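Each of the two complexes below includes chain A, the first together with chain B, the second together with chain C.
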Partner chain A sequence: MAHFTKATSVHDWINQRLGIDTVRRVMATEYWIPKNINFLWAMGMVLAITFALLLVSGIFLLMYYQPNVNTAFDSVNYTIMREVDFGWLWRHVHGVAASVVFLVIYIHMFTGIYYGSYKNGREMIWISGMLLFVTFSAEAFSGYMLPWGQMSYWAGMVITNLFSLGGLHADGIVEWIRGDYVPAQAFLDRFFMLHVLLLPLAIMGVIGLHFGALRIPHVNNQDGEELDFEKEAAKYKAGDKKGSKVIAFANDFMSKDLFVVGIFLIFFFYLVFFHYDFAMDPVNFDPADGLKTPAHIYPEWYFLWSYEILRPFSTNIGLMAFGFAQVIFFLLPFLDRSPNAIPANRRGLFSLWFWAMLVDMIVLTAMGKLPPEGIFSTIGLVAALVFIGLWIALPFITKSEKKA
Partner chain B sequence: MKNGRRAFMGKAFGAVAGVGAVASLYAMKKSWDPLPSVRSAGFTTLDMSAYKENELVVEKWRGKPIFVLKKTAAMLAKQTDADKARDVLVNGEHYMVCIGLCTHLGCIPGYRPESSDFLCACHGGMYDFTGMVTKAPPPRGLDIPPFKVDGNKLVLGEEGPEYKKMKETGITL
Partner chain C sequence: MKELFILAVVTVFTLATYYLVEPFAHSKMHKHVESEKFAYADLPALTKKGDANRGKDLVMGAGACTGCHAIKVAGLAAPMDPVATAQSYGVNTPDLSNAGVVYDAKFLAALIKNPAHALKVEHKYDAASGKVHPMAQFGGAGGDLDQEVADMVAYLQSIAVKQDKLTPKMAFETACGRCHAMKYENWTQIGDKPSFKMKKDELAFDIQVIDYQDALTKYMGKLPPDLSMYIRSRGEHYISTFVENPQHLIEGTAMPRVGVTAETAEKVIEHLADAGDTKRVERDEVGKKVMVFIVIFALFAYLWKRSIWKDLH
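And now, the complex of A and B:
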């Protein structure tokens, strides 16, 4: 057993038993962040805060929500929205945060792609981040089922139908996932469980992994400069704070991080109070009806790009293209054959690739929302082919890239 | 010797845990299966004598809409052999019995009695009164649910000889 001495203060008493000074040093005061970064480096903290908002608002919604096909719709639209004091606040925070979290995830992802923060030792950061994208997607989908409106029901029908794997007609898998022939009580109950327990647990676990993956390679910087963190940290600790290229995570960097979070929260609550409707599809204010399809079934905006990759093709090819789109981002660190971890604008052809990919995904998103008719379905098809083509081209254009 | 014993204990634990893990996965898989009450509710019996000619009735089977259409003499006269193979015959009367979900993306097509055809509002797919596609994008005609003819009645969810034949000949999936 370790040797304990009589405590000189409450802090000392706790420190002797839990080593909080060490934890603070390792996690905050001696966790080093490069100085040469910009506001885009704050997106991780913005995401952590948004996740916290989702968790807290979700806890309050959970106290009145009823996962039953007969009462779910009213428990949300009547009980929570009209009876519960500030129930509307939790629902709007939850709905808006679920939408905004994807906006920030996409910014976070494209920041990583632009600055090459997924290679030369940072592969696990990228992969764990993609795992978070997948778990957040599942979380968003399962949550979308819960109000049991028309869009909940039909999105549930269409998405679970994807698991019949097109031409294979594996209806057994679909019925197994639903626990019924169509989305019904068993379906609502299990997606409720996934949404409030299993997936949040998975997300929290993967967030831990994501943070852990950052520890050894450290955060990238605006020039992709390879820093000797130990040397720079030593300089900082010796008092040469100006000459050192790094600062401590807390409180130094954190203060800037939280400033960006503050601006984000003003924007966020502006949406919650004045523009929450963008995250609330009007069709979902009709209760679920298995005998009436809404005229247009489309997912929330953040899934539109992959939906549009599925849509212009025949069933089987569409599914394959969709599957491709779901996994291909995972492989980015390995498809990029260039050793340069520098901003895209200094990487020649890759710069074009980056902007083409970004624009293509915006086009796919826009086309996914429009009815698939005439010129829109042609643009959608071209954009889907461009998406696939860009990924196929990536290894070749990065292979021929000159070493910076 | 010591290491041999540790290795044995490790393997013994691995074996016990492995059996337990496989058994739990099996239980978990089975717990997600549709319940017996859900399965037993998966049958719908229709009294076929109640339908009127050229009047589409939407029944419900396993939560899905089922189109039942009793065909008129004029319709029968127009039918080709391929169309006839899709007919469900009860007491000498011809019926179209189909799952009322568009085979494209699962929307419910609407029936137009004046032109006796179906139009899917989602993506403009069309079917004739036999449930065959007349305008893309649907990849195939409306699916026929498993059925069994029982006198005047039609049991949906059970596979009778007529249905099995349709399945074998690829008339429905």
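And now, the complex of A and C:
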């Protein structure tokens, strides 16, 4: 057993039992981050803060929300929006955060792709990140069911229908997922459970994994320079903070993170109070009605690109393309055959690949919302084919890349 | 500077995406109808100056308005209760106390002469169907028809409250309330739902509402929707242009052109906002304070960052 001495202070008392000084050193003051990074490296912190906002606002909403097909709509739109003091604020914070979190996730992902931060030891960071993307997607979808409006109902109908796997007609799976032939009480109950319990737990676990995965490889830097962290850390600790290429997580990195978070929150609260409509689809303010199909059914904006990969094709091919789009990002570290973990602009053809992929996904996103008619469905089809083509081309492009 | 350049790139792509999925996509998905400023240009202008006293006699007498409508300010109750009225005519008749301020004068005149035409529901009452609109056409009391109509309009205007005394709730009840319920404001098509001590009384009331709605559904072909959340699901512009002329947005719809003035339409919309966007004033106030707070927070965060980073490079 460890040796305990009479404590000299409260701090010492706790420290002997919990080792908080060590924790602080390992997690903060001697957790080394490269100095040569820009604000895009604060996006992880922005995501963590946004997740915290979602969690807190969600807890408040949960106190009044009623997961019942007869009362869900009113519990949100009447009780929370009108009766509960500041209920509207929590709802708008929750709704806007759910939308904005995806914007930041996409920025965070494309930052990773641009700087090649998914290879040479950082594969687990990438994979855990993709797991977060998938769990967040499930979280967003399940949350969208809860107000039980027209879009909840019909998006729920359309998305669960995908599990009949087209030509396989596996209607049994669809019914199993819904717990009924159509979205109804059993459906709402289980999505409620997923949204407020299982998925948040999974997300918190995966965030832990993601952070753990960062520990050994450290984060990348703006020039893809390979750093000798021990040497640089020694320099820093010896007092040569200016000469060292690393900084401490706290307070060096954190002070910059906090500033970026501050700027982000200005943007975020502006949206919450003055521009929330984009995050809360008007159609979902009509109560669910199984007899009235809305004129346009579309998912929230962050799912549009993958929806558009499904849509231009016949059912079976569309489903295969959709399945492809869902898993392909996981494989990025292995499809990129180049050893260079440097910014895309110094990687020849890959630079083109990066910007083409970004623009293509934006085009897919736009076409996913527009009605699939005339020129829009042609553009959608081309963009979907380009998406698949780009992924097929990736190994060849990167294989031929010269070592930098 | 490099950071600002990166920020500019991120912003450009974000705004492009936003533009495409919001303003652009919505402009392609939904028909956009410009407001006609409630001018009702298709209806003839009033050419005669009305006389309220003569109008009073016509409304109570030859015009027969009070045979179907209540005019509570003139001490005239409705001939039948709402349910019985709906069972006879398909819908309750609005109390005309404030008709003079709620409805446009030109529209009122056209309505008295030919309801189906003014209400733009002639497609339901064409010659082939053999049906006639439940509100009787006024064929004249023997004098100059236009003069008589102008007199009745003048009378209705003379008894109505002044524009600034017309509350949003009154505007809604007169113009929309006989067809649309509004649960969040406790409104049913037969009036405000009282609070009951006895379950039995409440059930009796609910049964009356259901009977009314059955008659209304038969008359309209479908039950007009509860408008509690329509300010969020349709938005101000849509509702305003829809009320102005429903046929522009839903061709062949059973909802009549109600014929309200621009001011009344604004009040109706304000009432819808009170129901479905109740906290909008509080939201703006709190929003401003939070913005100030968060800007100050960002400023302090910046100062802290500067003080720490001056040792780093």
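The rule is simple: the second predicted complex is superposed on the first by the 404 of 404 C-alpha atoms of A that agree within 3 Å, B and C clash if a C-alpha of one lies under 4 Å from a C-alpha of the other, contacts with A are read in each partner's own complex, and residues count from 1 in each chain.
The rule we apply is simple: a residue touches a chain if its C-beta (ideal position, glycine included) is under 8 Å from a C-beta of that chain, and two chains touch if they have at least 3 such contacts.
This structure is a prediction, so every number in the text was calculated from the model and none was measured.
Asker: May I ask you to decide whether A:88 touches chain B, chain C, both, or neither, giving the answer as first, second, both or neither?
Answerer: After superposition on chain A, A:88 lies in contact with chain C alone.
Asker: Where does A:400 make contact in the superposed view: on chain B (first), on chain C (second), on both, or on neither?
Answerer: After superposing on A, A:400 lies clear of both chain B and chain C.
Asker: Could you say whether A:70 touches chain B, chain C, both of them, or neither, answering first, second, both or neither?
Answerer: After superposing on A, A:70 lies clear of both chain B and chain C.
Asker: Could you look at A:366 and tell me whether it touches chain B, chain C, both or neither (first, second, both, neither)?
Answerer: After superposing on A, A:366 lies in contact with chain C but is clear of chain B.
Asker: Which chain, chain B or chain C, ends up touching more residues of chain A in the combined arrangement?
Answerer: C
Asker: Based on the superposed arrangement, let me know which partner A:157 touches: chain B (first), chain C (second), both, or neither?
Answerer: first
Asker: Per the contact definition in the header, classify A:378: touching chain B only (first), chain C only (second), both, or neither.
Answerer: A:378 sits against neither chain B nor chain C.
Asker: Where does A:296 make contact in the superposed view: on chain B (first), on chain C (second), on both, or on neither?
Answerer: The answer is both, since A:296 touches chain B and chain C.
Asker: Just to be sure I read the superposition right, which of the two partners does A:176 touch: chain B = first, chain C = second, or both, or neither?
Answerer: In the superposition, A:176 touches chain B alone.
Asker: Counting contacts the way the document defines them, which residues of chain A are shared by the two interfaces, the one with chain B and the one with chain C?
Answerer: 295-296
Asker: Taking the touch rule as given, give the residues of chain C at its contact with chain A in the complex, in rising order.
Answerer: Going through chain C, the ones touching chain A are 2-3, 6-7, 10, 13-14, 16-18, 20-22, 24-25, 28-29, 183-184, 225, 228-230, 232-235, 276, 278-279, 282-284, 286-287, 290-291, 294-295, 297-299, 301-302, 304-305, 308-309, 311-313.
Asker: For a test of understanding, state which residues of chain A touch chain C in their complex under the given definition.
Answerer: Residues 35, 38-40, 74, 77-78, 81-82, 88-89, 92, 103, 107, 241-242, 247, 251-252, 255-256, 258-259, 261-263, 265-266, 269-270, 272-274, 278, 280, 282-287, 295-296, 301, 304, 358, 362, 365-366, 369-371, 376 of chain A touch chain C in their complex.
Asker: Could you pull out which chain A residues touch chain B in their complex?
Answerer: Those in contact with chain B are residues 154, 157-158, 161, 169, 175-184, 186, 190, 290-293, 295-297, 314-315, 372-373.
Asker: If we count contacts the way the header does, which residues on chain B are in touch with chain A in the complex?
Answerer: These residues of chain B touch chain A: 29, 32-35, 38, 42, 58, 60, 62-65, 105-108, 121-124, 139, 173.
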